[in-house]
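Labels for the chains are A, B, C, D, E and F, by order of writing; each one numbers its residues from 1.
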Amino acid sequence: MNKIEQNLWDIMIKSQFSNYITRGLYMSTIKQTIDESNSKVKSIYQDIRDSRKTNYIGNFWRYLAFDPLLLKSVWEDVKNLMVKDTVIDKKTKEMIYMAVSITNNCCYCTHSHTATAKKLGMTMKEHSEFLSIVALAAKTNQLVNGLQVPIDDVFDADKQD
Amino acid sequence: MNKIEQNLWDIMIKSQFSNYITRGLYMSTIKQTIDESNSKVKSIYQDIRDSRKTNYIGNFWRYLAFDPLLLKSVWEDVKNLMVKDTVIDKKTKEMIYMAVSITNNCCYCTHSHTATAKKLGMTMKEHSEFLSIVALAAKTNQLVNGLQVPIDDVFDADKQD
Amino acid sequence: MNKIEQNLWDIMIKSQFSNYITRGLYMSTIKQTIDESNSKVKSIYQDIRDSRKTNYIGNFWRYLAFDPLLLKSVWEDVKNLMVKDTVIDKKTKEMIYMAVSITNNCCYCTHSHTATAKKLGMTMKEHSEFLSIVALAAKTNQLVNGLQVPIDDVFDADKQD
Amino acid sequence: MNKIEQNLWDIMIKSQFSNYITRGLYMSTIKQTIDESNSKVKSIYQDIRDSRKTNYIGNFWRYLAFDPLLLKSVWEDVKNLMVKDTVIDKKTKEMIYMAVSITNNCCYCTHSHTATAKKLGMTMKEHSEFLSIVALAAKTNQLVNGLQVPIDDVFDADKQD
Amino acid sequence: MNKIEQNLWDIMIKSQFSNYITRGLYMSTIKQTIDESNSKVKSIYQDIRDSRKTNYIGNFWRYLAFDPLLLKSVWEDVKNLMVKDTVIDKKTKEMIYMAVSITNNCCYCTHSHTATAKKLGMTMKEHSEFLSIVALAAKTNQLVNGLQVPIDDVFDADKQD
Amino acid sequence: MNKIEQNLWDIMIKSQFSNYITRGLYMSTIKQTIDESNSKVKSIYQDIRDSRKTNYIGNFWRYLAFDPLLLKSVWEDVKNLMVKDTVIDKKTKEMIYMAVSITNNCCYCTHSHTATAKKLGMTMKEHSEFLSIVALAAKTNQLVNGLQVPIDDVFDADKQD
């Protein structure tokens, strides 16, 4: 990139440009909540920041804030299940969340939970194996649907033990 | 159940009855392969029995056997990814498989992989937490779809380290 | 049906038969909770009975009871959103629930929410029109996917007033 | 934004730039129909304009026009079900359409029907409650799939009076 | 099966039994239309019988008949697209229909269109290859979702000649 | 576009701009593999180039290359099923692949397989008819889900012939 290109680029980056791309193309059905003047929103954002030890509030929470009660209830669920220590370890929990999000083709959740799983230590090799499993599962799900395979009696929970 | 009911029941169980229910109601698009005279099928079934240390061959493999090559390729994938020791532990792998199958609403795979996960030590508490996570993931996937939340720039893999 | 058929039928109905069909064929991954000795479960079931003015507890709640906390949290959500009076009228709320359940191919929820919508006054004509709308939506969703239609700028929430 | 940035922005907006973003990124599998010289397309577009009391023709119709017969049949369905007065009120019909589109993760239809529902009077509070319902439905659908809950006999339409 | 079992079986088949299984377990949300006294329904059923050269009316049409107008419009679509000769040959059209139905996990449509494709000459080998393709497609769809692969510019319809 | 706009445009095209749009907006969860120094990746890419008689390597293969073994196994499947001559003709195979990808709402696969089908001779009229079929299938799938239509006994594979 030569000098004039660099200048152009710098101007664009500083201008409305990047904003236009991020906001204009990925349009939402609800306006983003940027100011944190609502006290309910503010305290939830504070809890997110404290619990996650980061200043960054993701877009999901920025948009959900249009309804502070919904924001609160979803955050409580996420906090209790995903952020707190529970019986399943955190990395595994993120991989389960990823599996659902990938299968539902939810780009946002696939991105955010993949990023979190990486932060929690998911290695390249684990990521790769994980992707192979979710791909194989989708393949056999589809074969079962195509063949209409009857369920084996032995899988019955009432007959186990 | 009185004597006459018991007799009736015994007769039904021994008659075509249970067969009718299992095969008649859960109809398949392909006839089940019961005899194992095909040498390719036979050797794959032997491998399944050896690898899984069980005599039982599930319906999925019984139906897939209509095409021995497809049977072989799917079994190889399942064996290498799910049965063999790999970087992700077996119980976690089954839970990832369950997550995809539940989200795809594949009853057969949900049943078979839940049963396997239980055998591999998934506790009631883990099962319950797992179900809470897959339910929460589906809920937030749906919220993201409804809100059309734009993806945060920070999730970009190319920008991570 | 002649006399001997009628007798046979009566015996079958009284025998394990109907139980076998309902429980045996539609196998679950978790055992059903029948006794209500758990005090948490008991008090939630009481609340369901009181709120819905019925003695009947549906299978969903019977199975969810394996985890009293999950049962409680799901029932609270359903009660607050669906059973209580809110800004959207009850019949409409059930039709929205039906639309999601039909699209997700969830037989149980399709059945239970269709039954509730009927009880709340959904007429045959409304049911028929509803089904025509959900079918048309699925059709145009599919066309959009096939054509990969770009989203119109005018739909941007940030540009609406 | 300073002067030079503003000038740059103005030039970009007037240039191919916005076109490139809208058309280039959201690529379609079929070329858009812009000219309305085809008499069939023209008369359908006129009908859309008249029925909806707007001059704007959305991208869905612009792309569907590659096959005038398909365009006509889809528009007839939408007009008869969604635009005309029927037994379900218009706002409710749009919310049912939204529920299917969100569940199918169809961004285009989610955007267009959310925008229409807002025009028809869907308030922020209704939108929020609607989103809570579709999210709860997806959650319970997923729980039912995970538990494989058997359907209650009482839901049988043939047994309801 | 001995004599007494055979007798029992014969009685069961003639009794309400098979009816109970088919109707009782696969419950519908709408009652089946059995009598053809409605003149609209009657004439559509006659057209189905004539066009398909069979006396049999499938359950889909039996249930759709609760709304004669919807029945008529869906049958017209099926007749014009699937039954009549068009540019794509009939067997291929059924396989496309199967692919969608399998992916949507619609058991009824998977069964009915697989049966029709077989009648139209789909061989065991074609069926097997078809199933391998739909399984592979689901697998790569899932990988794309997991990786979030960006779309290549070369796929743009507007850039193809 | 006047002279100054043209200059601006030329600079932007040559700058990081188009790269930013393609890479920045459609973020992936894995970094793209651009260099082909890995010998396994190199030989697979050579095979793709040879088999498809093109120099172009699509993004799917570029991203899948993060795991050379997964890349190899997926390419082998695609090559054997889709690129080689088999019992189903190539154009039909692509249309089956398209049907699954559209139903799964996989934008990438919809684009790539539509482009391939066109190259293999899919006409505008066939494309249009194909889209009408996949849309109709989705519509009737949804109706079946809404009505919960029981499966006809005559579809049973075990009862055919």
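Heads up, the rule we're going with is that a contact is a pair of C-beta atoms (placed from the backbone, for glycine too) under 8 Å apart; a residue touches a chain by one contact, two chains touch by 3 or more.
Keep in mind the model is a prediction, meaning the values are calculated, not measured.
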Topological distance between chain B and chain D, in contact steps: 1
Which other chains touch chain B while also touching chain E? A, C, D, F
If you check the contacts of chain A and chain C, which chains show up for both? B, D, E, F
Angle of the C-alpha superposing rotation, chain C to chain F, to the nearest 5 degrees: 180
Of all chains, the one whose CA centroid lies most distant from that of chain D is B
Distance between the centres, which are taken as Cα means, of chain F and chain D, whole angstrom: 25
When the C-alpha atoms of chain A and chain E are each averaged to a single point, how far apart are the two points in Å? 36
At least two partner chains per residue is the criterion; list those residues in chain C. 8, 12, 21, 23-30, 100, 102-107, 110-111, 114-115, 130-132, 134, 136-143, 145-148, 151, 153, 155
If each chain is a dot and touching chains are joined, what shape do you get: line, ring, star, complete or other? complete
In the complex with chain F, residue positions of chain D that touch it: 8, 11-12, 14-17, 21, 24-25, 27, 29-30, 66-67, 70, 100, 104-106
Partner chain E, residues of chain C touching it in the complex: 1, 4-5, 8-9, 12, 21, 25-26, 105, 110-111, 114-115, 124, 127-128, 131-132, 142
Listed in rising order, chain E residues that touch chain A in their complex are 98, 102-103, 105, 107, 110-111, 130-131, 134-143, 145-148
For chain D, which residues are in contact with chain C within the complex? 22-23, 25-30, 56, 58-60, 63-64, 74, 77-78, 81-82, 86-88, 92-93, 95-97, 99-104, 106-109, 111-112, 114-115, 118, 123, 125-126, 129-130, 132-134, 136-141, 143-155, 160
If we count contacts the way the header does, which residues on chain E are in touch with chain D in the complex? 23-24, 27-32, 151, 153, 155-158
